[in-house]
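Alright, structures below, take your time with them.
Next come two complexes built around chain A: one with chain B, the other with chain C.
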Partner chain A sequence: MFSFASPVVDFHALAPELVLAVGICLVILVDLFVPDHRRWVTGTLSGFVMLAALLPVVTLSVLGDDVRSALMDGELNQGITGRYVVDNFALVMKALFLLSGYVVVLLSANSIEEGGYNQGEFYTLLLSSVLGMVMIASSRDLVSLFVALEFLSIPAYMMAAWKKRDRKSNEAGVKYYLLGVFASAVMLYGMSLLYGLAGSTLLTDIAAAVQLDGDKVGVQVLGIVFVIIGFAFKISAVPFHTWAPDTYEGAPTPVTAFLSVASKAAGFVGLIVLVFIAFPLAQDVYRPFMWVMAALTMTVGNLVALKQKNIVRMLAYSSISQGGFILMPLAVAFTNGNQGASLRAVMVYLIIYAATNLGAFAVIIAVSRKTNSGEISSFGGLFSYAPGLTVLMTIFLASLAGIPPLGGWYAKFGAFKAAVDAAGGWGYSIAVIGAVNAVIATAYYITVMREMWMKPVPDGDTTPIKVPASLQAALAICGVLTLVLGVLPGLIAKVGDITDLTGALLP
Partner chain B sequence: MLVNNFLILGAVLFSIGVYGVIARKNAVLVLMSIELILNSVNINLLAFDRINGTQDGAVFALYIIAIAAAEVGVGLAMVLLIFRNRKTIALDDLSEMKG
Partner chain C sequence: MIQEQQWLLSLGTFLPLVGVLVMLFIPKKDEVAAKGVALVTAIATLAVGIYTLVQFDYDQSEKLQFFTTNKWITPIKATYTVGLDGISLPLYILSMVITVLVMVYSWNHVPEPGNTKAFFILMLVLQTGMAGTFVAQDLILFFVFFEVVLLPMYFMIGVWGGENRQYASLKFFLYTMFGSALMLVSFIALFVVTKNAPGVNPDDANFSFQWFDEHGRDIARDTAIWIFAGMFIGFAVKVPMFPFHTWLPDAHTQAPTQGSVILAAILLKLGTYGFVRIAIPFLPQAAVKWAPIIGVLAVIGIIYGALGCLAQTDMKRLIAFSSVAHMGFVMLGISTLTDLGISAALFGMVAHGLITGMLFFVAGSVKERYHTLEIKRLSGMLLQMPKMGWILGFCAMASLGLPGLAGFWGEFPAILASWDPLSGEGLPYGGLSVGLYQGLTIVAALGTVLAAGYLLWLYQRTAFGEVSAEFAGTGHDAHGHDSHGHDAHGDDHSDIHDVNTFEWIAWTPLLIAIVVFGVVPSLMFDVMDPAVSLITDRFGGK
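And now, the complex of A and B:
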């Protein structure tokens, strides 16, 4: 007879997740009881829930041990410790997800209310998706990695199709859903092979089993490649990017901002955990594979972005190519002892990219409230009637292009440093491809700047834009972060030390 | 060994599923093909579970069954949504956005 014995739970370590879970229930309850015209309180409430979940993240990073396992072995059950871990890496990523979730709440407040969409359900799904992301940062086990990935994806599928009567939004949701589910099914097949090799779902056990030796090399290669494909879809790496432009264009713009920042960061967290903990000894497989993906992602994303006429679609391709830059240090990790530099580069890039890209989307939302258009030409003469927005948009685009002294410059610097540190053919070649692409990318960011500063207003309507308070707050947060992190990069230079990632192979 | 046959069955199911996803144009049939892949994963996990003599695989399979149900729920809702707006669920007709 077996009897159930619960593991020992560290409630302080689990507090961010618990706060979010309680918050989700609270939003559903409040949504039941408030009258229709006051539904906006669900948005305010979910903003507070995100911030409340940030509190335990702060206390965890200040107090207590550096590493704690949220679930630990009890007297009767063994082998639970180390599957769900709260370390400094996880805390930094959790803070990033919660903050970008908060900014997305600010972005969606007005568009969701004015569009007449179901607000309570929208924020419930947004919170659920953020909960999945917070979970993926702590996962050190195939099962929790998979559950967290689905937890963050399934609400996102629904949010992409949120405009029920809009055919474009339907199409966005279905494309995202079908390709997403297919990719996660392929990833699961890879996971089942890895489990078969290791006899355990713990990532550190898989690292010991996947060393590309013995008589099962073929199965090892297949398992690694399939699992990486699953996450490559999430970060929209070429050739698994086909859903991204359509989904970004068709989905409501705040959801697009969410997908292009938080969901992409979550995919990268999964890849980081896999590369640094599960596959460090199998670099002969993941390095060429991810090298090719990084090179293709940068190049294809940039070249297609050059000819876009719709600004959201242009930013979609731009975010694909930014994904290539984030993938670059990851692809050459564990080469010539650069793993520390490459982990730091990926994390710093994710943080700065989140601030910058969310800011760019905030400006687009603010401008399209007046122009009702997504064309780049609708930004013509923006400076003559909205100088503040123009300056902010210029800052965000320049940061995406990597122009000093803005945040994006420091992010790109870190990525190139990690690639050059890798030395040898792999590192230098990807750095050269990256450098060429950084130049190409500047071209389409400058196109938008030229429209805003130099072109005339297309319809001659120069009434000023009224920016709602919540959008102003989002713009302020993103603008300040983009500027400050560029001028004082020392603030996040300590983020992402490799010893912070529990279970990572240390030099 | 007998367990190997289950792994072969898993691989065959996986291949059929991938073929179905690529070749079928009907959204519901694509969903069914994805279910085939997920079931091939479950068979694999249980076979490996037996070989390795641990319980992790069976636990993993249970999670996959539960989450697959949730996923299909969302998928069918979306198929219904498309059908209401377009009166067809052929995936080739979903081409509003290009470039």
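And now, the complex of A and C:
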């Protein structure tokens, strides 16, 4: 006889997910019952849902338990504990996803409404995707990892194609969908190999099975590589990046912001969990693989970005290249005892990068409301009629370039330090490649600054830009974070305590 | 360390930012209010500086004073540590003086395309970066301040500069960025290597200068040489030393007058200060190996800069090249690793700041009146604007190192020191090749002759002779003291008038300082010497 017995559920630990789930239903319901001209309330509501979901994240982190398993073994079923875990790492990442989601709602408010798109559906999908991200941060099991990844990806495919009558947007969606599904298939194949080896989907069990010894080394290597490739698509690492520029350019700009920040961060969370929990003893496979990927990603992304004329495309390649910097500490993790530094470097980078990049997109959205153009030249003379936006954009670009005292410098610093900490050839060589790339990158960020500050206005139209309130709020949040995190990076205090994931796994 | 009045340096460093905050709320149209707030802030900052000057204990100038240390970025062991000793005091005060004077000068000289508010905000941000660099006693803090000046100066050149400003500003930016990227990597490497050294508790390691002062010298020489290389490039680009100097003539020529003055007077010193404060004391074992290379490059810079000057047809570009030569003397002094040499270098830094800053002021005012700086079109300045002409002459004399003026005390002792560099038996890190340095002395002395040549030639061509026909009959001295703003971009030359009130206020303090430090150099030497000995002691020389 088969009977279902529920595991013991820690509702407090699950609260963020539950709030989001209830919120999704609410948004759908509200969308059904409000008249067309008041559909914007769905956006406002989604924003509140994100913030409401943030509340339990805060209470959980204040409680200060090192780790709690959201689902635990009941009397009738065993082996559930440790598959869905809330630890400090998960909490920090959840907060990052929810805040990014909130800023994306602020970015979307006017563009989605004025474009006449289906607002209710859009926000439902956005919330679903964020829910997937919140879940991936807690997943410590192949199945929950995969489910969360699909949960966050599938709504994003649809959002990329949201401008229904725009061919480029359709291209964006289809391309993203096809390559994303392909990546999922490869990853799933890798997961099945890992499951076959370990006989369990729990990541800690896989770690015990994947140690690159015994007679099944070949299968182990294949499994690891395939799973990493799956996530490499998500973070658009070279050579798995080809979807990103077209998708970023074609998708509605708020969606692009979402993909380049939150979706990318989710991919990195998956990679971190795998490297730190499932493959810590298989570094001979993932280190060379990810080292090459990191070096290629930052270099190729940079070199192609130099030539871009469209600002969204340029930021797309820039975000590919930034991904290379984030990969750098991950690639050399577990060398010379630097895993703590590596983990913190990646997390800090993701947080600062999110604030900065979302801010840059907010400025682009604000400016294109007037210029209706995505060309870099359309920013010409911005300083003469929108000094505030110019200064903000300068701050964001300088932060992306890593110039102190703006947030980006600390992110890059941490990444370099983790690489140098690794000592030895792998670490030093990638640090030098990174340093050269950091300089190359300034060249294209500065092109935009030059356009804004020093060039004339292309069409001579210097009417000031009206920035809607929601965009102003987004700009303020991102601007303040970028500045404050650059001057007082110690504020991301929670991150400072995190030294390892494996140790925090089981209570 | 003297830990009294711990708030003083932070106040002096960050006060300009308070002014920036206030200015953000002033409407763009209200230019007088913006200028007023900026100037008041700068004067208040200078007042804090003068108070610092008064409170400084000159009997213990080798110690860090007003010292304070606080937690800053705990995860990476970076601290907020600031302090002031005899080496940094003159530069710290100089940066404040220059900012005030530049602002006075800017009162009615805001360059095209206007936007007074932004221009003054940039100057205040620059001030914070410059002052912060000189008080920082933590490597990461130093790096952050070092970089803070980058963007404001980029915009100052790129927005308010001359015709070729975009090229010049980009070049400035990329050069500096390249240098600082390598510098940062070498800072991190220095930290990691000292942290992992045997017999060291890794938990004690931090980024404070004190830590590196104690542990940097224990690094194996080969490793230290590589780390020094990264710092060398970072600082040498900023100085700038041959062959990293090519950004400087472009940046100086294209920058607005204010930018040129700040660049020459303070920003170039960040590089030399970095050598004296960081590279040489932290890595003495590598410094001894690098010193001959620095010395040779410095002397090449002296000769190359002088020859470059002789070839210039533009007055501002000529002054820019003379900076390359003068900084060559400073670096030559540093490379001797002796008390005398490093003291001379520090004196030379301040003297060059005063004199070349003045020269750029004069060049800016000449440009404003004649709308050209082409040397062959200028002539008879002494007839048309006698006061301006005399000031130019005075500065040229000071710049070529005339005894009795400040420039002399930077150049002459540096040459003297290079005759007798660090050498002898039983030195902990070895000595330098006396023969090589004596060769350098001879070449550097030739450089002073060239300096006299190009400066006198410049003066003769621009100030002597008849007023060139092009500008004749357009100036009138009676008009000399007008303090009204005037149209700087009219095509007629009816505005050729002598030094005006704002210029007098901005320039007089510099002119007085050039004379005072020239007559009583001990004013500065006495403050610096104890702190310099503290650095040179580790080499065991004299």
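Observations
As a working rule, the second predicted complex is superposed on the first by the 493 of 507 C-alpha atoms of A that agree within 3 Å, B and C clash if a C-alpha of one lies under 4 Å from a C-alpha of the other, contacts with A are read in each partner's own complex, and residues count from 1 in each chain.
Criterion: a contact is a pair of C-beta atoms (placed from the backbone, for glycine too) under 8 Å apart; a residue touches a chain by one contact, two chains touch by 3 or more.
Predicted, not measured: the structure shown is a model, and the values here were computed from it.
Looking at the shared chain after the overlay, A:Pro404 reaches chain C, while chain B stays out of its contact range. Applying the stated touch rule to the two superposed structures, the chain B and chain C interfaces on chain A have no residue in common. Interface residues of chain C facing chain A in the complex, by the touch rule stated above, are 28, 71-76, 115, 118, 140, 143-144, 147-148, 150-151, 154-155, 158-159, 165-166, 169-170, 173-174, 177-178, 181-182, 184-185, 188-189, 192, 196. Residues 344, 383, 387, 394, 398, 401, 403-405, 409-410, 413-414, 416-417, 420-421, 423, 431-432, 435-436, 438-439, 442-443, 446, 449-450, 453-454, 488-490, 495-496 of chain A are the ones touching chain C in the complex.
Contact residues on chain B toward chain A in their complex (touch as defined above): 7, 10, 14, 17-18, 21, 27, 30-31, 34, 37-38, 40-41, 44-45, 47-48, 51-54, 56-57, 59-60, 63-64, 67, 70-71, 74-75, 77-79, 81-82, 85-86, 91, 94, 96-97, 99. Considering their complex, residues 142-143, 146-147, 150, 154, 157-158, 161, 164-165, 167-168, 170-175, 177-178, 181-182, 185-186, 188-189, 191-193, 195-196, 199-201, 245-246, 249-250, 304, 307-308, 313 of chain A touch chain B.
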